[in-house]
Structure formats: C-alpha cells, structure tokens
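One chain, chain A, links the two complexes that follow: it is found with chain B in the first and with chain C in the second.
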Partner chain A sequence: MKDTVQKLRRRSEKLLRKGEVQRVLGWRPGRLAWQSAPTVAESAEEVQRLEVGPFSAANLTKYLIDIVRPEHPARDEEPPGRTAVWARGCDARAINRLIADGVLDEDEVMVLGFSCPGIADRERVGEVVDLAGASCTCWSEDGGDSFVVHTEAGEKQLQISEVVADRCASCTHPEPVRADEHFGGAARTADGEVRFFALDEYEDMDEGERYEFWSRQFARCIRCYACRNVCPACNCTECVFDGDLPDRPDWLGKASDISDNQVYHITRAFHVAGRCIECGECERVCPVNIPLRAIMQKTAADIEELFEPHEAGLCPDETPPLQAYSLDDPEVKEEGST
Partner chain B sequence: MLLNQNCPGEGQDLAPAPGPDGAGSPRSEGGEDWTPNLVGFCCNWCSYAGADLAGINRLQYPPNLRIIRVLCSSRVNPMFILRALQKGADGVLVAGCHPGDCHYSTGNYYTRRRFHIFQRHLEFFGLDPARVQLEWVSAAEGKRFADVVTEMTERVRKLGPNTRFRSNLL
Partner chain C sequence: MKLLRTDELMHLLQRLSDEGRVFLPRLEDETILFRRWEGDSPSLDALRAGNTALPAKDLLFPQTEEVFRFVANAQNLAIMSGEPDDAPPVIFGIRPCDAASIQMLDRVFLDEDFPETTYARRRDGAILVTWACTDVQDTCFCPTFGIDPAGPVQTGDIHVTDLDDELVLEATSDRGGTILDDLAEHLTDADQGAQDKVDSLREAVRESVVSAPAADDLAETLAGMHEDPIWEEMAFRCLGCGACTYLCPTCHCYDLDGETRGTEGVRFRCWDSCMFSDFTRMAGGENPRPTKRERVRNRFLHKLQYFSEKHGVYGCVGCGRCITHCPACIDIADFIYTVRGADCDE
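Right after this comes the complex of A and B.
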C-alpha cells in the first residue's frame, strides 16, 4: 500500500499543478495514531499531507455535495470546477449513487481509484497493541496489507485481514467500481458468501425478542442525525426530519420519546432502501453504537429475496429497485411474509 | 372540503372504537369485548368506491375501521402508517386497485414493492405483520371489502391492543 499512496500523491500533485482539478479530496493522519481525518488539498504542497492509512475509515463522498451544490452555504461564489477524489470500492459506489441521484455531474469529479485492503478496526487492534500509547501507524515496507504500529514499547506489525472492521469483512467490492485512473493497492479478497453475515444473530430471535432488542437500541439514540448526515444515499436538499421547514408537517416530535426514535430509524432505513451502498458509515459514526448496518443489510437481503439480485452504486445510471416494479412481483401475503 | 373543516392540523389520539353494541370499550384492556382501532387508507378509484358499494348494499361489517381516502395506494407514505401506529391504531389497512387496474396505470405496482419491504422492516423491528396489511379491493367488490374488514378486525382482535411504536406523549 505504501507505493500506492506515493503514486496517488504524485498524480494528485501533477493534476493540481496543471490545473486539471481544483482540489483533491483525501485523508490525512489524525491527532492520535488510530485516527484519520478527511481533508481537501488545494495546492501541490497540501497534497503532501494526504495519506491513506489503515484507519482511513471515512467515506469522502458526502463532502462532494458541499463542494458542488450551488445553493449550499459552504460553497463560495466561484464555480466549483473539478474535484479529484481518492476512492476505494465504497467511495466509488457512493459517487455512483450521487450521480444516479442527480446530485453530482460526471464531469465534476475525477476518481483516483485504488484497491482497498479493508479498514482496521480500532477495538480489534487495541486488543493486541496498546493504541493509547501509540505514536503512529503506517504501512510496512514489504507491501500488501500489513502495517506497523509504533508504540513506546516497540513496533508491532499487523495484517489488516487479522483486524479488519466488520463492514469491510462483508464488502463485495474492494476494487473501485468506477475510476478514471487506477493506482494499484491491495484488494481484500471479496467473498460474496459473507455479504449478509451481520444478520446471523437476528435469525433466532422471535418477534418479541426483536422488539425488545431494537427498543433497547433505539432508546439510546440521541437523534444527532449523524447516520443521516454521513450517508451518501441521504442526499436530499431538504430532509423530512427537519421539521422547521415552512409549509411542511412536523413528522417527528422533538421531545425525547422512544416512539419517535423508532419512527426515525424505520423511516431512515426505508428512505435509503435499495439505494444503500452498504458502506457501513452509519454504524461507524453512531455515537451510541446502534447496529445500523444490520438494518440496511436486512433490507438488501429482502430486496434480493423478493425482487431481484441488486447491489446499489455499481453503475451511475441504475434504477433503484423501489423506484421500479415488475408485473411478476410477489403478492404481500395476509399473514406477513415469513 | 368538508373533510378538512374541523381538522385541528395535528394528529389526535383515536377515541375508543365503539363495541359491536355501539358502546365504547376501554382500549387498554384486551378483554372479551375489546375491539381494535383500525385505520384504512383506501384508494379513491377502487377501494373507497368498494367501501361505498358495501354501504349501498347494506352489508354488515365491524365498525372498527376509520377510512382515509387517498388518490392512489402509492400515495400512502410509510410515515402515514407509522403515525397511525404511534397515535393509537392497533392495525393499518392499505387498500388499492387490483394489479393491472390502477387508475394511474402503475401506482399499485409500486405500492406492492414498497409495502412488501416496509412490512418486512416492521417485522424486523418486532411488529406482527398481520397488523399492517395490503389488500386489493375493486370498485365492484363491496362484498370483498366487507370481508376484508371483518377478517382484519377479527385477526387484530385476537392479537390484542398494540403497544409497539405507540407514542408515550399523547
């Protein structure tokens, strides 16, 4: 991975110098060894800060909306020009999502793709290394997906595959599905068989247990809307949950009520059903650890079972399954579907 | 016009549905004479006319369903259903034209897909799918409308009052 990052930097520098792109969107090292922050480089010098580390978890595509959407307050007077994005499989699928939803034009973005080895899970790394005392994490010299954690006690070399985050373990597209240029990398072996493994633990629960389980989860929700704000499929200009919009019904109470939390999560899940690219960002950013990815996996599994095999974001002109129909769709049975 | 004259603009708790004898029954008890509150979203072109026909023909069916007319079953936003459950409905019926008969050609095909996924969502979160149903009733099927309402009332009556997703802030 080390030489891939070098290649990405060199190319980004060149693009900025030539003025082919106005900015490059990537990650930079965070303050702590297990952090990595999204960042924008607007000059060749700033590109040197960019990196892809074992903890570069954030999906960058939501920032593209801030850059290109004309009415967005974050955008200044100048036309946005072209933005280059360092992209893995999930980032590339998210870019397809934005193009399919009409948020982004294809010529507004340039995808610098690389194959993704997966993202390291902080807790799993923390089990084998003392991350609190670590000074930095970087890719090891011998290539592939191995990385080194430098701590006061010495160095510890790890393979990403040993400590990979769950969402990356179920990833089906570590290769960028859309890339203007491709820069190598170390693709994690995709195993389609394990796409829905997050659902295993819900299979044995009965209805009452599921209600108890999810009520407990949603009772913790502080409705910070981080899951909505980070989601590439949640790209409406005006959101139904922002009740202060004029001439709109207030669909969701503002008081702290479990019922409203439940309604929020059911509705959010339904709004992105069939358009979710399964990047798992919702679950990562949740401050109270609600297993949101399972909800989206369940929806994707239902769509596969009832209608057609579908993975969102594989091409920029797809029709989401819930915006389509087939004459042969199964009827909804009176006693429910299972 | 008349429909909206007294609408306070905010969802109100549904008053207890009258029992078969016309007397109200306490809704918190799941006793023998408890009857459910049902909300029905009926499409203007088929199911609402089907309900009309049931009335014209003087067909008897339980008075537990409160009908809300919508222009098409695909007009039913899932948040309508959630709001009904939050505010005290024990079951929600969505009724539209038979597939192929939609006044707008394709609306009910979309409904079928969306409803299927939505019902499975609710099931995943722990609601009995029998409480939330989709039925096709044509304008000529007054008898079928009466049967659908009778069956659904009976099914939800057996399940008892719904407490799931109910708002505590009524």
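Right after this comes the complex of A and C.
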C-alpha cells in the first residue's frame, strides 16, 4: 500500500498543477493513531498531507455532494469544476449512486481508484496492541497489505486481514468499480458468499426474539442522525426527517421515543433499499452500536430473493429494482393470480 | 477513608437504593450505558471499563420530557400540567469528568432568577457516587480543565477508588457521610497502606491522561478568531450530524415541540443540537447560521469562549466522547493544541 499511496500523491499533484482538477479528496492522519480524517487538497503542496492509512474509514463521497450542491451558495461563487477522489470499491460504488441519482455529473468527478486491502477495525487492533499509546500506524515497507503500529514498547506488525472490520470482510468489491485511473495491484479476492454472513445470527431468532432485539436497539437510538448524514444513498436535498420546514407536515416528531425512533429507522431502510452500496458507514458511526448494517443487508438479501440479483452502485445508469416496474415483478404476479 | 470488600458492594447499593432509584453502568449489546439497578449483582467489568457510551445527563435532563397536555375545542381550552418523572436518581459509578459536567448543567438550569423546576427537583435530591478512572482512553483529556481523573469531585457524595479486592470509599458530602455511617458494620478504616495505594494510583492515572494546553486565556484567544480559516477546514469535514452534541455531558440546548391529534395535544421539551441546520432557522425562513462553518464555530466557541465568559468555567470536561465518535475525526483536543500553536506530541 505504501507504494500505492505514493503513486496517488504524485498523480494528484500533477492533476492539480495542470489544472485538470480543482481539488483532490483523500484522508490525512489525525492526532491519535487511529484517526484518519477526510481532507481536501487544493494545491500540489496540500497533497503531501494526504494519505490512505489502515484506518482511513470515512466514505468520501458525502463531501462531493457538499461541493456540487453547496448549502448556501454565494452569488458570485464559481462553479465547482472537477474533483478528483481517491476511491476504493465502496467509494466508487457511492459515486455511481450519486450519478444515478442525478446529484453528480460524470464530468464533475475524476476517480483515482485503488485496490483496497480493507480497513482495520480499531477495537480489533486494540486487542493485540496498545493503540492508545501508539504514535503512528504506517504501511509496511515491504509493499504488502500489512502495517506497523509504533508504540513506546516497540513496533507491532499486523496484516490487515487479521484485524479487518466486519463490513470489509463482507465486501464483494474491494476493487473500484469505476476508475478513471487505477493504482496498486490486485485487491483481496472478493468472495460473493461472504456478502450476507452477518445475517446468520438474526435469521436464527424467532419472531418474538427479533422484535425484542430490535426494540432494544431502537430504544437506545439518540437520533443524532450520524447514520443518515454519513450515508451516500441519503442524498436528498431536503430530508423528510428534518423538522419544522415551512409548508411541510411534520412526519416525525422531535421526541426521542421508541416509536418515533422505529419510524425513523424503518423509513430510512426503505428509502435506501436497493440503493445502499453496503459500505457499512452507518454502523461504523453509530455511537450506541446499533447493528444498522444488518438492516440494510436484510433488505438487500430480500431484494435478491424477490426481484433479481442486484448490487447497488455497480454502474452509473442502473435502475434499482424498487424504482422500476416490471410485469415480472413478484407483486404483479401475485395480483394476477388472485 | 473506609474500605469495603469488593464482593460486598451489594450492601452499598442496597443502602443507596433507600435514597432513590439507582442507575449504574451496565453492558447492553456491547455498549456500556447507565441502566436501572434491579437488585442484581453489578457488573464490575462495566464499572471498570473506560466510560459509559452516553453520559448520565439524561438522568437529570431527559432527552424528551412532557411539559403539558391540552384539550381544545371552539369553546374551551383545558391545559393539564405534564407529569414529568422528577424523582431524584442515585447515579452510581459516574466518572469524575461526567460528575464535573453536572456543575455546568447546574449553572444553566439552576439560575437564581429562572431555575428549571423539574431539573432542580431531580438534581437537589440526586446522589452521585463517583468512581475513580483507571481505564483511561486515548481520547480522554480531563486534566486540561483541572479535573483529577481518579480523584473526588465537588458535585459527588461518595468517591470510590477501586483497589481490585477492596474499594476505598470517601464521603465527599454530608449525605455521603451519613450513608457510610449507616454501613459501618461492613466497612473498615483505611490503613496507611490503602491510603498510599490510593495516592499512587491517583498520581499514575493523572500522569497517563492527556492535558491539552487550555490556559486561562484560551477564551480571549478565541475571541479574536471569529474569522479564522480554521473554521472552514473543520466545517468541510463536518457531516452536520448531532452525535457530538448528544454525546456531550455539558451540551444542554433544547427545543419545545409538540404533537397535536384532533382536539388533543402534548407539548414536550427535547434535546436539540446546534449542529442541525434548522436549529437557528427563524419562522420566516432566515437562518443566522446558514452553513456548517457558522455552526461548527458556534459549537466550539460556545464550549471554550462564550460559556467561560458567562460562567467562568469552560463548557467542556474532556470526556472525549465527541472525539471517539465524530465520523469525520473532528477533535476538540486537537483544536485546542492547534489554537495554542502547540505540538500534541510534546
């Protein structure tokens, strides 16, 4: 990975110098060893601070929305031009989604794709090395997908695969599905069989256990909306859950109680069903550990079963099954038979 | 100082339950939260691990609370006062940072001229049993604000220091003293050895926690930074969710909202977040904080400048929850280092 990062930096510098892009989106190291913050570089000099590290978790595509659709555009503001994005499989799928949803034009983005080794899970790394006392985490010099955690007690080398986040373990597209240019060697082999492995433990519960389990999860929700705000499929100009909009009904009260919380999560699940690119960002950012990925995986698995094999964001002109009407749809058949 | 055998902790909890409903850290789906003590054996793992995912704020200032109900038709309007649950809680195992944060809530809600009555009822009767931190996280930075991570706190009633097999108990208020007196048969006096252990543990823990340079003039420095480019950079990263504010033990902003069904309705108070775009939107549609830049700036300046100017203390206790959970790695300790021009590795 070390070599890939160098190549991404060199190419990004060149693109900025030549004016082919106006900015580059990547990550940069934070104060703590596990922090890797989404960052924009607008000059060749600023590119030097960009990195892809073992903890570069954040999906960058939400920032593309802010760039092409500023919240409060100044009247004299120039059009945003073109943005280069360092992108993995999930980032690239999210970019396809934004194009398919009409948020982004293809010529507004340049995808600098790279083969993704997976993201390290902070807790798993913490189990084998004192991450709190670490000064930095760097890719190994040997060019592979292992990284070294530097602590006062010494160095610890870890393979990404030993400590990979669950969401990356179930990833079916570690390679970027769209890339204007591609960097790095082949990614881990993607195994389609692993896609829904997280669902097994829920499928084993009976109806009553499942209801109790999910009621407990939603009772814990504090409605901070981190799951919505980090989600690339949540790209509406105005969200139905943002209250007090003039001339709009209040679909959901501001009260945080189990019924309102359930309405929020169920509605969101249906809104993004078929458009969820399965990056797992919702689950990563939840401060109270609600297993949100399971909800999205369940809807994805049901769509596969009821309609057709489908993975969102594989191409920019896709029509998700729930947005299309076909005479072969299961509900059409059901109606016809009764 | 008194000693209680750790396996006799139940006696303390039982005595505390005479004072009110006891809440303590409990593990729920891999998440440590304050939950009602049901008379069962407490989880020492949950008490000893880091800090709770959410602060105890909700026990004194609930996320949603009914204010009043009404029935109205063309002729009549009947208003019934709400029935808030205002029984004072016993908060067991609260960390020094979170206990200190209650002083900030007190300054807001126990204002001399306009005290918040339901908050005051809960707060006046509440008992805080503080628990010395031993499992320090890398996001912790409470000494920045003069908090001793393993030491007693002014707001507390009893302070517990965990020496594995034994718990060292210190009464830090008169009520705490009475409770310990009642437990005398289960307690022994702490000898010099235990005292020494507590002292060295306190020092070791204090040494292990980050202390960012928040000298007294941080507020003055920030007062001159209203147009600083740092806000642009932080706002770029901010996703505009409310995780930082809802996880924060000192954030206290709320909204009054309501629901009306036909001729009946309810008005309730609920937490609100200055990070949400509609927080400052006026009825006519104008918004004085139109972009994330103004909102992020407000959040940081409220904590580190305005609150200090108004109340003489910073509105942050260094618990680190916002640092742990910000999806975009916005880090208030890092912000303080940056403003101070200091290197956080020093």
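To be clear about the criterion, the second predicted complex is superposed on the first by the 321 of 338 C-alpha atoms of A that agree within 3 Å, B and C clash if a C-alpha of one lies under 4 Å from a C-alpha of the other, contacts with A are read in each partner's own complex, and residues count from 1 in each chain.
Assume a residue touches a chain if its C-beta (ideal position, glycine included) is under 8 Å from a C-beta of that chain, and two chains touch if they have at least 3 such contacts.
Keep in mind that what you see is a predicted model, and the values were worked out from it rather than measured.
Novice: Touch check for A:Ser36: first (chain B), second (chain C), both, or neither?
Specialist: second
Novice: Should A:Ala226 be classified as contacting the first partner (chain B), the second (chain C), both, or neither?
Specialist: second
Novice: Of the partners chain B and chain C, which touch A:Val332 in the superposed model: first, second, both, neither?
Specialist: The answer is first: A:Val332 touches chain B but not chain C.
Novice: Please indicate which partner A:Gln157 is in contact with in the superposed arrangement: first for chain B, second for chain C, both, or neither.
Specialist: The answer is neither, since A:Gln157 touches no partner chain.
Novice: Is A:Gly253 contacted by the first partner chain B, the second partner chain C, both or neither?
Specialist: In the superposed model, A:Gly253 contacts both chain B and chain C.
Novice: On the A-aligned overlay, A:Lys298 touches which partner chain: chain B = first, chain C = second, or both, or neither?
Specialist: first
Novice: Which residues would you name on chain A as touching chain B in one complex and chain C in the other?
Specialist: Correct list for chain A: 253, 255, 257.
Novice: Would you pull the chain B residues touching chain A in the complex into a rising list?
Specialist: Residues of chain B touching chain A: 78-79, 82-83, 86, 99-100, 106, 109-110, 112-130, 133-134, 151, 164-169.
Novice: Give the list of chain A residues in touch with chain B in this complex.
Specialist: Where chain A meets chain B, its residues are 202, 207-215, 240, 251, 253, 255, 257-260, 262-263, 265-267, 269-270, 273-274, 295, 298-299, 302-303, 306-307, 321-327, 329-332, 334-338.
Novice: In the complex, go through chain A and note every residue touching chain C.
Specialist: 30-33, 35-40, 58, 62-63, 66, 70-72, 131-133, 135, 216-217, 220, 222-226, 228-230, 242-246, 253-257, 281, 284-285, 287-289
Novice: Within the complex, which stretch of chain C touches chain A?
Specialist: Contacts found on chain C: 28-31, 33, 53-54, 63-64, 136-139, 236-237, 239-243, 245-247, 255, 257, 259, 268, 270-273, 276-278, 281, 283, 285, 290-292, 321, 323-325, 327-331, 333-334, 337, 344-345.
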